[in-house]
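Below: one structure, written as structure tokens.
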Amino acid sequence: MVKIANFADARNWDQFHTPKNLAMALAGEVGELVAEFQWLKPEESSLSSMSKEKLRQIELEIADVTIYLFRLADKLGVDIAEVVRDKIEINEKRFPAI
Amino acid sequence: MVKIANFADARNWDQFHTPKNLAMALAGEVGELVAEFQWLKPEESSLSSMSKEKLRQIELEIADVTIYLFRLADKLGVDIAEVVRDKIEINEKRFPAI
Amino acid sequence: MVKIANFADARNWDQFHTPKNLAMALAGEVGELVAEFQWLKPEESSLSSMSKEKLRQIELEIADVTIYLFRLADKLGVDIAEVVRDKIEINEKRFPAI
Amino acid sequence: MVKIANFADARNWDQFHTPKNLAMALAGEVGELVAEFQWLKPEESSLSSMSKEKLRQIELEIADVTIYLFRLADKLGVDIAEVVRDKIEINEKRFPAI
């Protein structure tokens, strides 16, 4: 998180990084990630049937998504680990285990 | 990550969680997150001008995005911390600091 | 297109409908449309295997996407039919028929 | 619509164009469209303050989105004009004019 913030500061990009803009950037990156999977059959999208190059491409898209997601959370003072715990608890009540 | 996997297993949802499907679920959740910001002016999207209720809503959407992102990474054996480090290094070369 | 513009004007929503905001609203609606398909097997997503209720739900999401897409094009003075023709021509050169 | 279908058929792409896959492709293209607007101030996103090159880029992204949207509707037998009329009627009841 610190590294991501430093990277933006060193480039004077902080002025662009409003939460609104970061949410858009996140959507853009998720679009690129989804595009990696769009023509694959479900079974072709698994780890075992994916080429090394394809997997690397997907890894880098996952990294881009994570960077903007963490940056957005940081800007809004959101503790991701905590809200994920909260959300799983909510989901456990909404969808009881079988 | 373990908690997320357990949650899916306990509900027999693993069969649906192909990487392809998880990428779609991630896109769906990011759509909900973006929608939270769509009519806000940039300055209204900052932490200081946001109501507690709005922030809570956004936090829960961030949690949903994170859950599917981590689940996708897990299914593909991707070490998120490592690829984020890799990607920041790549970005540092592509966009040298001012 | 006229109907969509009238609808927004009658509600004094024009102030919110900057191209930037409309692009976000479009992304939000596409997120909802994608979510309709996320757990379906490819063959379950075809017209013949879809329930009437599911299809109706998808139709209404397609309508939402179209409304924001046309509104965005309208605001930017974009002639959709013309740019689609342009783009197909570009694609025909990039991907020659077999 | 006919032109779009012909284009896919001539390339033997029909096999990839399940509604599920087309919804993903649509999400990918909307991601690219949103990315065009992500760092703009709302007022910079208007027609009057946009460069010709930027506008052209956006036009081509709008075309890509439209192509997949129409293709998806076509595959599901959805009459877009009709469902847009339906949806505007529903919205008029949900959000009465001021």
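Which chain is which? They are A, B, C and D, in the order written, and residues in each are numbered from 1.
What we mean here is this: a residue touches a chain if its C-beta (ideal position, glycine included) is under 8 Å from a C-beta of that chain, and two chains touch if they have at least 3 such contacts.
The structure presented is a predicted model; accordingly, all values stated were derived computationally and were not measured.
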Practice problem: Tell me whether chain B and chain D, two copies of the same sequence, contact each other through the same residue numbers or different ones, using over half shared as the line for same. | Solution: same
Quiz prompt | Pair from A-B, C-D or B-D with over half of its contact pairs in common with A-C | solution = B-D
Quiz item: What whole-number Å value describes the gap between the mean CA coordinates of chain C and chain D?
Solution: 4
Exercise. Indicate the whole-number Å distance between the mean C-alpha point of chain B and the mean C-alpha point of chain C.
Key: 24
Quiz item: chain C: which residues touch two or more other chains?
Solution: 21, 23-24, 27, 30-31, 34, 37, 41-42
Quiz item: Tell me, which parts of chain C touch chain B in their complex?
Solution: 16, 21, 24-25, 27-32, 34-35, 37-39
Quiz item: Considering the complex alone, what residue numbers of chain C touch chain D?
Solution: 3-4, 7, 10-12, 18-21, 23-24, 26-27, 30-31, 33-34, 36-37, 40-43, 45-47, 50, 55, 58-60, 62-67, 69, 72-73, 75-78, 80, 83-88, 90-92, 95, 97-98
Exercise. Going by the contact rule at the top, pick out the chain D residues touching chain B in the complex.
Key: 20, 23-24, 27, 34, 41-42
